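Consider the two complexes below, in which subunit A is the common component and subunit B and subunit C are the respective partners.
Let's turn to the complex of A and B:
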């Protein structure tokens, strides 16, 4: 880049007193500084793992090549979604450990709140994975929903453990609760296993047990593979449903209220299921149970009706839906944008919505929905998330990759943010520089190098300053450094930092002044080694090449004087072709 | 004023040659094999199946070092230290890696590094070295050098000694400003440090003041230091020079200066061959690996275009020096292997297999010249592997000891591989 070797003009700042060293407000009275923090979450240590691991998954998703076959692509995206979820779960476990070991009660409650938020996030993500990423069709849809419910109602495991570990499980007070919850979650084998214990303990109910067991065994469930069509399954199910109906109406289970209620549940009796409200704890559990026992071949698009009615029935008149409920409802209604909007409102940082939206965008589910400033929703959320990362002293490096994958505004955002990262060590400056260079952000490169070079110059590290100006190919700064050297020489009569000037190499060509410096030092060296003819030739060249600064001409002339007395130089004058005459003329012009 | 650009051919022939010379040492660009890629996997369990254990630690790792083994030890190393950077609260941490195959206490993944203890550190950790089994010397970005002691009985760390202003800028206008200490090397009890202020300090572990200080040893930043012999050190700086300093000499000048030809690319790391002390490897800002022979010439013996960004660390394996490891800002970690099988046969007898044998002209009598100094290492016997399948952020540090490798990244993760040569 061509820059003129001139002194910069003096800029007058109105109102500034050049004698004072600082420009600032006058302090009047006591003052305090408030440290304002945006995005409190990113400062939690346990959440940092979430950000880092998900960054790896995000970058991997952007870079991985698109599979041609739809099914392979789908499998790839499902794997990515599962990875994200496993990261959330891992973070949840760590947070849980931290909550347990926290001695401060405020800290403990903070961690516990985070655990519940993460758990809710994983719940929502899992549902979105089933409905949107995997887009499970009727049949497998129910199985996925059953898995989903089983995964997220954890109290069951504690209860089960308690009952099973007791000496006489069937006499345990929670026994029937456990059997009921198994039935409600469609875990038939486990329910049958427990019931067999009851049958052994209570031989009178053996008959009833056998029938119930048989019914539970025969219950048709959608198969994972394509071994049966939906219609076949529906027929079988209808048949089985009628069989259950008959047994109930015959009064087979009349003597055991527990078993009767189980049979009613099997028949999909909503009231019977609703009686077990406390066991199910949530309306979406109720929804899935209802579907399992009344419409196992439910289609994805039909979910919304059942979801709405389930929520109404479960919550009844007393309670109103919470934010989590509205989000899940929006998901069941397949209103993607609504899901994202509700999540953005409910959650305190952009991590969740940014990554989920990006994944859904890769599934090609979001139409490019233009927001006010032209970018689409995915880009908007990623920009917000990455900007939040940049406000953190350490996580800014992650933000860079997010900006890279925002095609429209990412680059501009990155340019603005990266200039504002504080550079306290050279190593950090090098990392930031590398980021800028890889993205051809030349302005930022020059600006950073200038800052570092100026710092080095102030600290009298001329070699460092030069290496920064070489990196930025900043000729003007190189000129500044050379002027410093030459000034030092004029004042002290010798060069400082000889290891630098003697070994400039091709970087000497960066600026004229620098070349002059290198050559001038070489002249001194040649003179010191008594190679006067070469020294003289070099000196003449320096004078005629017009790269010497005006202030130095006198010095050059004074250096020439002793040379003129040397024998070899006088002989040289006779042989050289015109250079020496020119040189002498030059001298004469200047002297007079 | 000026009649136009000067006419460069007028310059003495020597300068013109310097300006336009192609490097006398041709540069080669080896390309590594990648280890198996595949979908990103979290937390591979250690054991016979997967070699590398990862752990996310919520701090960017700037240095990782294995604790040295006692002299007659047979087992592989199991304790390492890490230092963080760019945090408001930086820490030195000591980790232990369990035995492969033994059951963890809480059922956690076997072999995943477990935190033993940590301690707060003021400033970024710029460099770190174990002084002995219990003490670690840490260089800080504030310019101080601290010796920490690891108390193994109580599993705690404490700062046992600190040299507060080991490195600082003597500013003309203000008081002494801190300059980062960029490199530290130990040879118990001596400690040598270098910094951004171009100063070299020689400390002894038990003495309060520096034994020797070379002020303004360099006009640019010194990036790394290593011992050449017991009284000589090697330093690399940001104008591409490798200098030898002899502490027996009283003058404050380097004994020798080596530099790259062509562009003065800053050098960031240096390591000496463990057995053959004249072989030195350096890594540069452009990712170039240079091998130097200190006995001869002032230019490197070979230049290898390795990484795409700054090479942060280069290490010869201490007991298998035919293996070299480099890590870089571009997120890769390369394993350079010049070892040859003793029983190798000429290539026409060898069908496939992992280590292909080349028919080199000296197969009959195994050449005693180190593979590193041979004329074309990439052609003859070098195998280069990138050990990181999915690279994202910079690998800042690595350390090898025995069969174990540890490395740390800017993605706030530590990775341990305990079966390096399996």
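Let's turn to the complex of A and C:
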């Protein structure tokens, strides 16, 4: 993993003893070989779906036509980002199910850890989508952040459900907690709805309730459409803020501490908000609540100040930031490279940073950082990710597409990786070959075919060896195998793999010996079909064309003899180029 | 991050080398018990010994696989002053059922007058060729002109390095811009400041190997040396295992058109030097893309080194024994880790054996 200046992780190999560093003269005792490999197995199996589906999104993004209009392009990229996130969520769901149904506790905790990692990834990605891909401007920014918080801070969902489903919600001991949560998350309608129940149950507080309800109803929020400008909104908000202030100072809510605290929250009182720390659970929830009630028209570039102070106020003295906090902070500070770097360190896989960086690169955000390795970083991460895929027996096929989209080193990485894939079966070899052929990787094609041909030859599967060497266009090897076929024929009197030899077609021309083999077999076929004149003509051609190996001349001559008995063949002898019986006999005498 | 599995190797003496085949599914080990063992990986990931036979009449120092284009071929070298080439014969179906295979000796290379310390096959684009190096400082390069006849090897070159040799590495680059090149390391222990790494390059004109470079900054005994796979770079990367881990880049300069013919001059830079092992480093090995280097040392650890996208090399992982005994009996010796990395997931094999070659 991409590391900073921290100590690299140490893996302990049980059974291996580093302490005994002295040479042992009596080298006795059991010798041991340790085979160490990356512990990717479980994680690759469980994340398989994630890899498969994100691969589709990735390829789609590389290939899709870039929209001309900025708006349309932006919408396109946001959609891609959302697709990635939904894939993460789907994977999280699967992992969650797996955790529940896991039989042993070790497996259960492994799955649970994966769920929380995926959850963190989605949280980070979502924030990056808001800040970088969508680049939400002041106004919509706050609305997005509110959605973000609501979607991801789920710790309170149970509490909410419990209260809402009880017979008498306002009497529930957690009633005010839930109201507070709604207020903290800007869910005004839901808060008001619950409060109305309290008002009915408690008529004495009707007056207070009506005022508070009204304030909550009137609270100005950034609009989704373009119905008001920021300035208009700010003005309205200022008015409303002052109104809240007046009611508080008048002591309107003095008799209900709960309602008073809500009013304080509405006024953006940091202490009042911080009192509800347990309900917010995280500093970034606190941040968004603060923004909602003190600066709803916050600009993206102003976020960093609020973020840092929010984290400090929330964490206080007791706790220090965790890796997730550091990543989110880097995002709020718009330090893209820092986000990527921190993610690389914190996450044990390249999947996240590779895909996120690629997306950000398509948003043209990496170049704007003016660092020379902008696009190289994208490629670096994609190469790392894809290389990891190649260690898996089937996921390597996804890796191919990733390499295809790495302009500088993708091709050579693919060449190096693809020739190392174990070719356990013919099917796999053919699959690998197809990929190489599509990309004109001629050397890899040749090499793979040669390896397969060699393997077949060693196992005496001559037919297979021959077809592989034809595919490799390896004339020398084809010659060698043809010789073996011919030798086989001499020893056993018949050919093996007739189908193959009969259907060689133009590939017969790869080597002289192969041509001879093909033609010789044709001769036998013609003879078998009693087409003697054609057979004789072919035999003649084979003898005169000088492609027959020396060792075979005897055989050819011997083959000629019975032909000469045939009536049709004798007719041939009348031709000038015919082979007379006398001629053959003379040759035979010479040879003996 | 890493998971380790131990295999009881059943060698009766120290294991000196472990080598993975091209696809990472077969493994060969060699030992002072004079034998070589071949291990095959089954579908479920277990390693089984499919062959075990006596190869030499002395300790076997190294074992190495030829490219699968040449079939299933191994070479071994030994204290008995010979190197040998072995080929696997596809056995009878009985053997196959029992999961055993049979290896036959194709040739013995007897030219050396001292212990042969390393044997390595040349890159496949050079044909079926191998190099050996000996304690008397001679590097020999042999070729089998007919790749289908492994019994015929001819000695093509004899290179006198003047210092006792311990290791060799062929430059894997098949680029036409690069001539065949071999790096030789020396573990000569006598007090001198002679360069312990020499680079020899084949000269097309003289048809001989000539010394192209000597790394003057490496003056301590060298135990292992390895060229990184070439990713289409114009320059070469060489890792050296000596008293620390060192990584050099060799950038070819304009070829000198002197009377001796085009000998390349190199610009040499050291891009990394790590003494984290705090002891002798015995082996170095690259992954298939040349992006991760593994090293092993007398501290009993294997360290992994990687360059980030800024080309800064850093340690990204440490494999360390926990000292617990295996199968109830204690481990002897220290680690001579031989690191054959055949695929992207970087399989390393560690073995418990003596690191020094001084004892036979």
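Keep this in mind: the second predicted complex is superposed on the first by the 471 of 592 C-alpha atoms of A that agree within 3 Å, B and C clash if a C-alpha of one lies under 4 Å from a C-alpha of the other, contacts with A are read in each partner's own complex, and residues count from 1 in each chain.
Rule of thumb we're sticking to: a contact is a pair of C-beta atoms (placed from the backbone, for glycine too) under 8 Å apart; a residue touches a chain by one contact, two chains touch by 3 or more.
None of the values given here were measured: they were computed from a predicted structure.
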Subject >> Which of subunit B and subunit C A:458 touches, first, second, both or neither >> reply: both
**OP:** Kindly classify A:450 by the partners it touches after superposition: subunit B alone (first), subunit C alone (second), both, or neither?
**Re:** second
Original post:
Looking at the overlay, what does A:9 touch: subunit B (first), subunit C (second), both, or neither?
Top reply: second
**OP:** With the two complexes superposed on chain A, say which partner A:440 touches: subunit B (first), subunit C (second), both, or neither.
**Re:** neither
**OP:** Could you say whether A:416 touches subunit B, subunit C, both of them, or neither, answering first, second, both or neither?
**Re:** second
**OP:** Please indicate which partner A:249 is in contact with in the superposed arrangement: first for subunit B, second for subunit C, both, or neither.
**Re:** neither
**OP:** Could you tell me if A:390 is touching subunit B, subunit C, both of them or neither one (first, second, both, neither)?
**Re:** second
**OP:** Indicate the residue numbers of subunit A shared between its subunit B interface and its subunit C interface, in ascending order.
**Re:** 458-460
Subject >> subunit A contact footprint on subunit B (complex, rising order) >> reply: 1-3, 6-7, 10-12, 15, 18-19, 39-40, 42-43, 56-60, 85-88, 124, 126, 141, 169-172, 177, 179-180, 182, 196-198, 216, 218-221, 237-239, 241, 243, 254, 257, 259, 261-264, 266, 285, 309-310, 329, 390, 392-394, 410-413
Subject >> subunit B contact footprint on subunit A (complex, rising order) >> reply: 45-46, 48-49, 52-53, 55-57, 59-60, 76, 79, 83, 86-87, 90, 393-394, 397-398, 401, 424-428, 430-431, 434, 438, 458-464, 466-467, 470, 496-497, 499-500, 503-509, 512, 519, 522, 534, 537-538, 541, 545-547
Original post:
Within the complex, which stretch of subunit C touches subunit A?
Top reply: 1-15, 18, 22-25, 27, 29, 31-32, 39, 47, 68-72, 88, 90, 124, 148, 229, 231-232, 279, 288-289, 291, 298-304, 308-310, 314-327, 329-335, 342-356, 359
**OP:** In the complex, go through subunit A and note every residue touching subunit C.
**Re:** 1-3, 8-25, 27-41, 348, 373, 376-377, 380, 387-388, 390-391, 409, 412-413, 416-417, 420-423, 447, 450-451, 454-455, 458-460, 480
